[in-house]
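These are the structures, in structure tokens.
The same chain A turns up in both complexes below, where it pairs with chain B and then with chain C.
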Partner chain A sequence: MKKMLRSTYFRITVLAVVIAGAVSLGFILRSADNSETILTEKSPSTIELPVDRAVIPSLPAPDDATKAVPVFGNWKNFTTKDGLPSDKCYCVRVIEGKVYVGTHDGLAVYDNGKWKTYTSKDGLAHNGVVSVDYSPITGDIWIGTLGGLTKWSGGKFEVFNQFNSGMPNDLVYMVICDGKDVWCTTGGGAGHYDTFTKKWEIFTEMNAPMHEPWTYGVSAGDGKIFIAAWGGGVIEYNTKTKQFRDYVDPDGFMEIDLQPDDGVVHDITTATSWSEGILWVSSYFGMSRYDGKYWKGYFKEDSGLASNFINFLRAEGHVAYMCTDNGFSSTNGTNWVTYKKNENDANGVAVVTIGGVKKEIPQSPSISHNFIIGVDGQDDVMWVATSKGVSRGEKLKL
Partner chain B sequence: MIKRFLIIFLFGTVTLFNAYAQVKPANYGNIPDELVGYDKYMKAYKYHFIEPLIFYGAGREKPFPTGLKEVRLGFLGPLEGSILVREGTQMLQGTMLAIEEANKRGGYKGIPYKLMVHNDVGLWGAAANEIVAMDDEGVWAWLGSIDDIVSHVAIRATLKLEIPNVNTGDPDPTFTETNIPWVVRTIPDDRQSSYIMVNKIYVKDGHKRVAMIRANNRYGRVGTLHFNRTATRLGFPIVIEERFKDGETDFSTQLERIKKTNPDAIAMWGNAKESALILKQIRAMGLKQPVYASDRIVNNTFLEMAGNLAEGLVTTCQYNPDADDPKLKKFKAEYHKRFGMEPDVFAAHSYDGMNIMIKSIERAGLNRAIIRDVLTDMKITNGYKGVTGELVYDGTWNNIRPIYMAEVKNGKFVFSPAQKWEREDVIYKKPSSRYADSGGYR
Partner chain C sequence: MRKLIFITGIITVFLILVFIPGKKWARGHVNYITAVDDHPLICINCHLYNSNSHLISKIVNRDYLSPINIAVSNDGKKLYVTAQDADKLFVIDVAEEKILNKIDVGHKPYGVIIDRPEKYAYVTNQWSDNVTVIDLAEMKVVDTLSTGNGPAGLSFSSDGSVLYVVNSYSNDLTVIDLAEGVEIKRLNTGNNPTGIQLSPNGKDLYITARRAIIVPYGEPMATELTLVDDESQRLRSFLPVESAYLMENIAFSPSGDLAFVTLIRPKNLLPTLQVERGWMMNHGFGVIEQNGDGRIIQLLIDEPQAYYPDPFDIVITKDGKKAFISSSGVNMISVIDIDSVRNLIAESTPEMLSLWANHLGVSSRYVMKRIPTGANPKGLTLSPDGKYLYVAEHLNDKIGIISTETLTRTGEINLSTSERVTVLRRGRQLLNNAGRTFQNQYSCYTCHPDEHEDGLVYNMASKDMGRNVTNTQSLREIGDTPPFKWNGKNQTVYKQDGMRFSTVLTRTEQFPYNDLDAISSYIMRGNPYPPNLQFNPDGILNEVQLRGKKIFERTKDNFGREIPVNNRCVTCHPAPYYTNRQPFDVSTLAVSDDSIVFDTPHLNNIYASPPYLHDGRAHTLEEIWTRYGRDDKHGVTGDMTKIELNEMIEYLKSLRGPAYESSKINIQNASMNH
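The block that comes next holds the complex of A and B.
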């Protein structure tokens, strides 16, 4: 040992390690100082810089911050082995006790513990079913497909497409019912159908504040329609005044988000959902929350969000549920619950984040797959559509 | 003592270098340091597109099909009813040549490739319907298109349906900024062209007051976006921007307004036919300013229409059509033999794009998710050398390889390497164009 300590090379090595340690320490300390502008690598896909959010008026703590975000578990997963027509599930909707799952190869309806499939042979516009909604006023179910819109009424299917109606495009990304009105977002603009007058309206860049008529998501609330325009942020339509306004990322650059709380985090939006006075907006770059006065941005790197690539979101009550490409997340704007399945087995974990403190709850089994595309819940039961089946979870009593 | 000092110094330097190297993000879009948005004033909260997205969805587990009689590949391009039929036809022919050559080599394990051709013009959003049709047809991947709107609508559908797409003709910078992990683009975009043109017009040629006349469509609007931004950042906002419709033939109103501003130079951003007519009318009005144009003019249509007036006109080109490259010469000869015409930029890039697609399929097997994995694996694809040059992807699978200047001399376009706009202290640091452990298919 003494011989080794006397060794010149050993001394040199020790000295070099000390220098390296000092350099690394300085680097770490410098990164931690927000007054510096040194890049800090936070994730493989994004680089976060220590920018002070206070430049933009900060969002007050949400009123519902103290309300709990429910945790779901006891997951039961369904795939083609259980009767689904395809494992690729695009959407799920719970309507009066039945569960409607849109898949690549048809619509599956879960009733009394059994699945029944409907396809174009039964009258659907196309087998690829990507969205489902229900009108309590008429009792009709509206089905958005890759090849048109289908109304399911009185046991019969009626197809709406570009050639027999005023539909803007046959690829329907989403359909919702708002009172007597049906709204759909398509690759050729947003469509509005008045079920009383049976008239269509089409909204594109010609008559609405969109750069191009690429619309993807739509939701209703507070007398407004919120359209997720792909590349155009959020288009808000006031159903009373018939007026539009848009919400875009103010920095004007696609490759950066200058300030997370200055508007939607990115112009390429994927879904909107309004609930209890809050508008939630998802994108492939993170998520936004708008209370009518303040915007707040959320990213994987600064919240409990599973991933910044969000396929869809739906808000129920004070909680928003986010369908990301790498996990299922829920939040009330402050606290988070994120579900992730293990890569190599059926188990997983629910990560609960409260006040920045994380707690993991093991789940066996977990959700069917981490690539989440759709979500809906009712009566303490949550359904999640994934690219490998659909999952049913129950609210846990913790 | 000196030896000891040197060893310590060397070790410390390497350690320091490595520590800071970790925080250098990868290049995005060849953005010069001084053009990174807001960077002179503050750092952005987030920088996107640093690393390529991973596709986390299911699909890789699907078994390869058996009993296939043909391997279907999709094509989406303007073939009728569009002002881009000439370009679309060239794109189709380049694609066909690549497929025919692949089938001569034996196709996919003895199964011939079959091109499922779709026209991209129709009702609004028709491209989305065409991608759904391709899914119904069972294509394994598809190539296209040129028009910005068509391409954007189509890739949203390809994301939903999870079909790999190789784009070889749409230069819209925002195309790959959509963050879709199923899309790659082989043709350098208008961001690259804008940087080069601004450097040429303002820095090299010293103009300060430049007028812009552009197509009043997405190609014109998005194409000039980075040109205008870049010129403004240099301190020279364009003095006037005039717009014209596709198919318009009389530009006197716009040019009269431009004339009143007495610009140093005039830039055009539009298709070949309209650009040639504008150039003629510029000279007919007695305007003698130098004229620059977007790269859509690099074809015989423009040269024939503009005639002698084209002399000295400067533009850019995404590759060097006259490169002394045996691969390119062979392609040009085969193309001329097969179709009786010279290939243009759309033919050359679609030939490369389809070859990349075929090579990816032959490496991956018949599974869309795995084909996507290969197409987007930069260890495999970066550095691939086609007839148009090398693939150098950034984090969005956007080809940021160096492009060329093109100047009309003696009735022909003469190509030369474009001067790089690059500094060492960039935020979006340029990556190596090759990976040492490639194992790729170049």
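The block that comes next holds the complex of A and C.
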């Protein structure tokens, strides 16, 4: 027996079993943690924030960690009672003093304290309006709908669809203007329309590094277009070289992000936004931040993020705003502000997380609903599109 | 002597033997070509003037100038005239009535404008996609500014820092920062815009359009005026002008309360039988009220049994009393008493105004006079003192001078040294003149502006009303694409424009044969396609177009199956005209169509001819296959991905006129080099 215990082979075997057990336990715990993220919801007050990844020695801390994340309050909520055509709001965009809200039943425009609705009867391609953007050069408004793309120019609606133009598909998820180009992501690929030459160019898995043609989000910055592609991570298109490169989750696992900070957290991405040299990427499994050299992942479990299920995100300046299925979050990469509405009343809370320390600010009323799908702001005012109307918040002086 | 008589006899017999059957053959040939049996047997009428030979063409034709627009210097001493067919800007000394300079500009110059300090002239080159900048002190070209496709009208911003250029082919407005000399933005306009005018208060630019918004046949038509805010350089709005099109130019009253736009009111939904009752096409002007809610009132310049077709330009005297409209189709200037127009509007209810828009009798209230001019008056300008009206007599190569006091043509400035009118020129004058239509209701130009097409669908009624609804076809370079008509019923242009033309369309005496020969020659040989600078500027296809070409010429579908020869694109649409001139059924027959097959159309410059299919049901090229070609009978496309369809359409849009595909490539190069 003693001989056996002294045997080198035995020692190696025991060591191997211990290591294997530890690794397995790690997997099990991690997996349980992840499933809980999706299936259950914890009160923010009960979350124990693990080690802040910003202080992991191998990764540099975001250089904007010291920049403030604004806190918004004094929410005013607008629903069908106030003049919206539907409470199901898909997007919101603030353009030169007017607020454009895409809803299930048309486009609502808030101007001088009044809502006005535009529908397919007025010339919209479809009543389901999911995205709005505008060209600051021409002032044209571009409207992405569930049945095509609409240009609103000089008071006139012009419809582009897959039947009458080179548009990739009628199911438009997002539209943006980038100089003279208009980009849209659709259920049948991404495409851009050159407003000078009137030409469409479309990209699918046949001519771009996409997993499939389903594309959700698109943003522009630094001479590049960033497409959030279903199963394809982020597709980057250089507008000068016309070359693609893709960013996918290097660990290749769909269920978990096995290796943190190795790349985009998941191949199924929902939105991208580029601002001040940072690319922010949302997914249904967490959020990623890319500074051109390093990726960093953020999850509900280890940050102030409201939920890992992120419908949309938009970055303005050094702050990214995330629209999740369970609240609205904003971050500069280190500090967080997350807004949630109480389940049983109109009030809620803004949870400010700075250096792992949380502070709750009661809000009355709160945002209209915790299912958030669109956000935009201008001049210290923030608008969020929810499943129960849109909410308008003002920047608080704290 | 006997020998001589014998030889002469042999020759005579031989000639008789050849002449009699030869003449019989010639008679049959001419009868076939003209579809009549009494057309003179003069071979040169067709075989000389319709010749494809460069040499023969050079001998029998000559170059013309075709002045189209005029600007005048601040002191009124100089005129600046764009000579469209000479690619030059003419500088004219008014007092001496002589040409001071002929400055080379780009291809097909259209508009000209002089800046306030009178340092530079800017000339739009419609076939070069740019603006030539001319230093007026040095009288030389100092810069060339890029624009969109087909630049036409142009205007300065109120502060003079920006040049607005209307792009007539690409349907947009180029905004050029004059300090930098670059295009800073491009705004949408109506369809086929040409004219532009800054309002007297300097706030708004009004842009006219010629083609209507494409709508399904049966729906009322409208053409858009585009309003641009000068300060923000953004679109303010589109003003649909209902039941009107071909709005070529616009002018403001000096007080700025009214804008006047030339227009035509086509009755394309009526069967063309209407022509013999009059009132098929009406010509007039729109009055856009600048105060109030911006009403647009339409009034006609036509009279009962006398029409004044193809109004092109309009100018208003400084005192705001008179407006002059060039009625290009009848070689007239119509003089409008603006106070009478104001009175009529003031005393009329909205219902009455709606009635006046179609009323032939009301023009006697405000049309003061008709002043005859030389052939095809186009651009107008008034002398700074308002005493003279200068008229660009487009097909007369002269500048007509009209006294605004006596309202008579008091003189002319001849731009050309020759008065010779060739057969092709005669044909062009006929095409642009309404003299052969019942009551002068319209000219060929009316439905075929610039020898192209007007984008409308007409009910070409024959004996059965409401049948055979057809989209107007272009007349450009159709000489080698017989047969004609959508169903290929007319084997030649002579037949199309001869008896049939007078029976169905003009409803009056048919053209005398010498005129028929001239207009047929012009249609067959006289009007080339504009260069396709938008989609194929240098004749070198890009990668997308090359892939599209491969798809167009493919013999197997995406599944590797052989495509039947008759169902391949290239079988029916081979270069250089992209038609095999054969009838074919592509399964787009309408229940109202008599024919069962279609004449395969040519595809040169097809991008410029929406809507598509014989009855215009496809509003875009895409719709030919996404909406109407799903059964794969109009070529096999059902297996294509959207990318492949887009690539094939990009290739189709790249197709140019046949001349550019052959020895006349220098035409396009000439455009490129400016």
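Here, the second predicted complex is superposed on the first by the 340 of 398 C-alpha atoms of A that agree within 3 Å, B and C clash if a C-alpha of one lies under 4 Å from a C-alpha of the other, contacts with A are read in each partner's own complex, and residues count from 1 in each chain.
Here is the rule we use: contacts are C-beta pairs under 8 Å (C-beta built on N, C-alpha and C of every residue); 3 or more make two chains touch, one makes a residue touch a chain.
Since the structure is predicted, the reported quantities are computational estimates derived from the model, not experimental observations.
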item	value
Partner chain(s) touched by A:Thr204 [first = chain B, second = chain C, both, neither]	both
Greater chain A contact set [chain C / chain B]	B
First (chain B), second (chain C), both or neither touched by A:Gly139	second
Touched partner set for A:Gly188, first chain B, second chain C, both or neither	both
Partner chain(s) touched by A:His126 [first = chain B, second = chain C, both, neither]	first
Chain B versus chain C as contact partner of A:Thr272, first or second or both or neither	neither
Chain B versus chain C as contact partner of A:Gly231, first or second or both or neither	first
First, second, both or neither for A:Gln162, with chain B first and chain C second	both
Footprint overlap on chain A, comparing chain B with chain C	162, 168-169, 188-189, 204
Chain A residues within the chain B interface of the complex	8, 12, 15-16, 19-20, 23-24, 27, 31, 37-41, 44-51, 53, 87-88, 90, 126, 128, 130, 146-147, 162, 168-171, 173, 186-189, 204, 212-214, 216, 230-231, 251-260, 266, 268, 284-286, 297, 299, 301, 307, 309, 325-326, 369-371, 386-388
Residues of chain A touching chain C in the complex	137-140, 153-156, 162-166, 168-169, 180, 188-189, 195-202, 204, 206-207
Chain C residues within the chain A interface of the complex	148, 170, 172, 185-188, 224, 226-227, 232, 234-238, 534, 544, 619-620, 622-623, 626-627, 641-643, 646, 649-650
Chain B residues within the chain A interface of the complex	4, 7-8, 11-12, 15-16, 19-20, 22-25, 28-29, 31, 36-38, 42-51, 53-59, 123-129, 131-132, 135, 149, 152-153, 156-157, 160-161, 173-174, 177-180, 218, 427
